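Below, chain A partners chain B and then partners chain C, in two separate complexes.
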Partner chain A sequence: MKSNASSAPDAVIEIADVTRRFGSKLALDHVTLTIPRGVVFGLIGANGAGKTTLIKHILGLLKAQSGSVRVFGLDPVADPVGALIRIGYLSEQRDLPVWMRVDELLRYTQAFYPKWDAAYAEQLRGHFGLDPAAKIKNLSRGECAKAGLLIALAHRPELLLLDEPSSGLDPVVRRDILEAIIRTVVDEGRTVLFSSHLLDEIERVSDCLAMMVDGRIVLNGPLDAIKESHHRLTLCFDTVQSQPPALAGALSVSGAGREWTAICNGALIELTGAAVKLGARVVDEGTPSFDDIFVARVRAKSLGQ
Partner chain B sequence: MAGFRHRPTANGSSVSSAAEKTEAADKCIIVLIHLNNVREHLITGLSNPLIVQIHISPNDGVPIYLQIVNQVKYLVGSGRLSPSEEIPPIRALAQQLLVNPNTVARAYLELERAGIVTKRHGAGTYVSEAGSPLARRERLKILTQRGDALLAEARHMNIEFSEVIKLLRERDEILTQAKK
Partner chain C sequence: MWEIWRKNCWGFWLVLGLLAGGLLIRLFGRFSETAMAIGGISMGATFLVTFAIFSFAASSPQISFPARTFTLPIRTGLLVNCPLFFGTLTIAILHFAWAFLFLLPVGEHYPLGLFTIYWVTALMTFQAIVWCLADFPKSLVVVLISAMVLFVRLALLLVEESEAMRAVVYLLVILPVAYLCARVGIRQQRHGQWRFPAIAQTIVEITGNVPRRKRPFAAAAQAQLWMESRRNAVAPLISLGVGAALVWAGFLHLGSQDGLGFIAIAWFNIFCIFLALWAFTSSLLLARDAASRSLALSSFIATRPVTSGELAFAKIKLTALLTLAGWFVYFVGIFVWIKFCWQPGQSGTQREGALVPMIGFVALALAWQLVGGLSVWLAGRIESAAWAGLLLLGGYIALGNAFAFLEKYFGLLVALPWVFAVAFVVKMLLAVWAFRESCRQQLLSPRAAGKYVLFWLLGTICFVAIASVLCQGTIFPQSLVILTVALLLPLARVGLAPLALARARHR
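For the complex of A and B:
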């Protein structure tokens, strides 16, 4: 069944072997990703790693040059309306019509969505403290994000898609966004895909994550499984090492002299065995944070591992 | 099965007397969280608000579900959660802590397996009657972890064990005097 995930009925998003170039730049490099219904899926990666490009393919804003994209089993480029009315989307740019007032924005957006819930929209507007008569252009950055979040949520979408929702926002608004994510999955078992640099946010709310580096997915799976398969080992050598030790399974090694710390991927027994083979003692072992894993993965990729 | 352990609970007087014992300093925080809970309960439609003091610090290496497990154990161990007291429903706690509901579910499952809480079919999750005998063991377990960390640090800093003991004794004297 698992190998046949591309035709799983419970997949909300199915991306199969999608490659995308912008000129000479490879923005997406054979990306395959399946997002099941009812999960919170975190997408992480450095700036320019391809996260927004991937999201634009899901929204049908970009057509796959090769490979295929299916959202609710639909091709979002061929059937944009069928897919988009089931997606709530908050972009990093929050490209709202600035000349409108908040109440006008709600009425305008309502027209696109048959399932718009006016009572819920009003409840959210009150909760977010948005003045209905305020002009969008006069809203603060945080209020703009809330307005964008409101129109993404008020039609109770099956898929909530948030592209860097927290970037540049204060902790209060970030909290509103996390609340919205949790409420979305708690209430009706809907699906959330969100991209972020903030790994603590991802760790808090996600079931699964995918990590992108230079247009490729380098890591993909449940958070627990990812954490359990990574280890931080501190090695101690009897003699000073002039070069970082070449530990099998290490993604990154840092240190100097006799002590070195490695972020590793693999089974602990094998890693410890490899350390002993190098003539080192393991003096400390722990679970790395997602920050550590992320940085190690990005460095490993740039070293061509 | 956990279901056979259902037992009617005495409610009312014991609950309110426990609440009276709450220290004034805690009260301010509890009121804030309470207000937040009331809001959540208006949304989730639950009748009696539940209060649990849990703080999540992501990115410190300890998985979030384990942070919840450890803190509930600690709350039970320190008597801040009493046997047969109800703990929040998974969804309510997920919304309160802003963590994934599956993470809370996993924590509750671990707590149930450890015998700390008991699920009553269709009626929520409660601190087990068996929770209190476990309490001392759990408290010692928590203390053991702290002790290990202290000893490891002392070793790294080349501080002798006897000096650590001396330091602890000194600190204990200072804290005892401060209490008086």
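For the complex of A and C:
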């Protein structure tokens, strides 16, 4: 599924038909994506699906081999200053300069951002419980993530990019901090794009999401619409089926004998009609969890559906 | 042993290859000067590689005895003895091999047995130091340098017949101490009991608290310069000071009364080679990412909202500082050397002959390797380091041959101004392209480019004036002096640096 890149006048990020190869590996395969202003946008996918590569294109750290990337209408490679000054970025790598102290890191980062809010930075530092005299190398993994988040937020960026922000944070801190900050940013009309493979996290905070599988965007849209368009059908056959039934619209089918469960994408009436044509009765219908949708999509892609 | 072999098989093959090369030189070279020089370099390289292999060190996150081996169900003694024993065996075999290839046929009274003890002790000491001080990198560097000086001194004692036995006694004391240190150190690390002694801990705490930035930065460029200087410039400056001090302490100890004799000339050559190696490694150290310390640009630095030109210029400013420091140390070195070596009665030609090639070599090394190297390293490709090293070596050899050719057929002083004039035109063309491209890609503002060109112009005029005064009355023509100075001050290389960094930043 692809979004319409040219239809959003208030788009913060516009990615059009971007392809990227690393040697023989195709990391991004004709990716098109538009992210409007003021939403929390979740980017999900398995490890190696291309999430970080896509984020690096948005930051201008990778140059699109074909297609185009625009952030606030700017090319982040041609005009890195114009784009980066409006972006707050938390890297998956947590590659902060380990030799600096927390207060030195704040002073250093402050020099790059004219809109740095020193009072807000101090408030966040206190909230995160970071000792200003502590060296980054002596911080725990969670504290390191908080320090990275602090410098990504303190200049009140228009776009916050979080690459796997939850890695390194314990569940309690993860829930509290991420929700509070993401909501704060969105309340102020700012945009958040964050990648994760933790689906519950995405489900809890995102307005929209895109799912990546093997460098392609296979699902993209508002969260509610995605949930509404997917169904779990339990089919019952009169006779034992030796093969999984070939139900039109099914992403994955599991079961054995007479009873099979299918995760499907499409209108419920059409799916029910297709099941009847196969000689089955729909004995149960429900909304699948994101886990089910994700696994079904990944399997469907790997089977070439 | 399998692990050491599997992890370092390239090193073993390299050692074997160099030994094979040594054998060929031995068979066909008949101890000519060139054959001996190549054999000497190969021998040194094999010993260095063997030391590296048997340091048996994991390099991530820092060099240390691999902590994962601590969970293996074997005794600490076996864990330590294995690399110690095989290292000892390998270095002894290697030493015997080189001894039979070169050392015994050349040196009539080469003390084979004594030097075997020497190499075994040296390796074991090296292993003990690397393993025991793994968590303390600064102490590691200091102790390693001290050990190196000690072993150079011991080697000199071994070749003097009257002092050899004293050196052997020292070695026989050091050997068991090194072994015990290695064993105790690894045992302590395995049980998590390895920590600083209280006094050292206090010193670390004091030094750790002193250099802390309290004031905010006025601009992004200032912040970046602070970061680069804190992270990347300190080590080159310290190594320059310590290295030069060691070289000159050795000179004053051994060769200061030599006049312009063999030891004095050799020592000055060592000093020049030290500066050349320092320039090479310093450019590499400076080019590293200030956050991650790797050659590739980290996303932390790459996402700073400044142009690649501003990121590159922080490094270029520090390069200029290091170049000045290099020249300062060099001129102090010349002063010391002249004071002790130039004696009344020596001819001007003898003096010029001793000095000028070295000045030229150091000038090339400092100017080319520091700034030129930076333009290569900033591209962020780790493999470019090896290629650049090879190219540089090839360049020096080609330059030496070209000079010899010109001297033979045209006369060096007649031909050089023409060669330098062509090089100057190439430099100017490259500089125009580099600055135009940097401005076009908005890596540099035209104002910043103009400012640097003006700086280069003024600097060149000043240096030309100084060089002209210094070279007055010498055999060097004025045109050669002007062109040399114009070539040495970097222009094209400075223009290329932002382009290289931008390439690393937007892959």
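Throughout what follows, the second predicted complex is superposed on the first by the 288 of 305 C-alpha atoms of A that agree within 3 Å, B and C clash if a C-alpha of one lies under 4 Å from a C-alpha of the other, contacts with A are read in each partner's own complex, and residues count from 1 in each chain.
In the analysis below, a contact is a pair of C-beta atoms (placed from the backbone, for glycine too) under 8 Å apart; a residue touches a chain by one contact, two chains touch by 3 or more.
It should be emphasised that the depicted structure is a prediction, and the values quoted were computed from it without experimental measurement.
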item	value
First, second, both or neither for A:87, with chain B first and chain C second	second
Which superposed partner A:59 touches (first chain B, second chain C, both, neither)	second
Which superposed partner A:278 touches (first chain B, second chain C, both, neither)	neither
Broader residue contact with chain A after superposition on the shared chain, chain B or chain C	C
Which of chain B and chain C A:300 touches, first, second, both or neither	neither
Chain B versus chain C as contact partner of A:96, first or second or both or neither	second
Partner chain in contact with A:268 - chain B first, chain C second, else both or neither	neither
Which superposed partner A:134 touches (first chain B, second chain C, both, neither)	neither
Which superposed partner A:74 touches (first chain B, second chain C, both, neither)	neither
Chain C-contacting residues of chain A that also contact chain B	none
Contact footprint of chain B on chain A as seen in their complex	40, 175, 178-179, 182-183, 185-186, 199-201, 203-207, 224, 227, 286-291
Of chain C, residues touching chain A in the complex	208, 212-213, 215-220, 222-223, 226-227, 230-231, 290-292, 298-300, 302-308, 441-442, 505-507
Chain C partner contacts - residues on chain A that touch it in the complex	56, 59-63, 77-81, 84-85, 87, 89, 91, 93, 95-97, 99, 101, 103-104, 107-108, 110-113, 133, 135
For the chain B and chain A complex, residues of the former touching the latter	43, 56, 58-65, 91, 94-95, 98-102
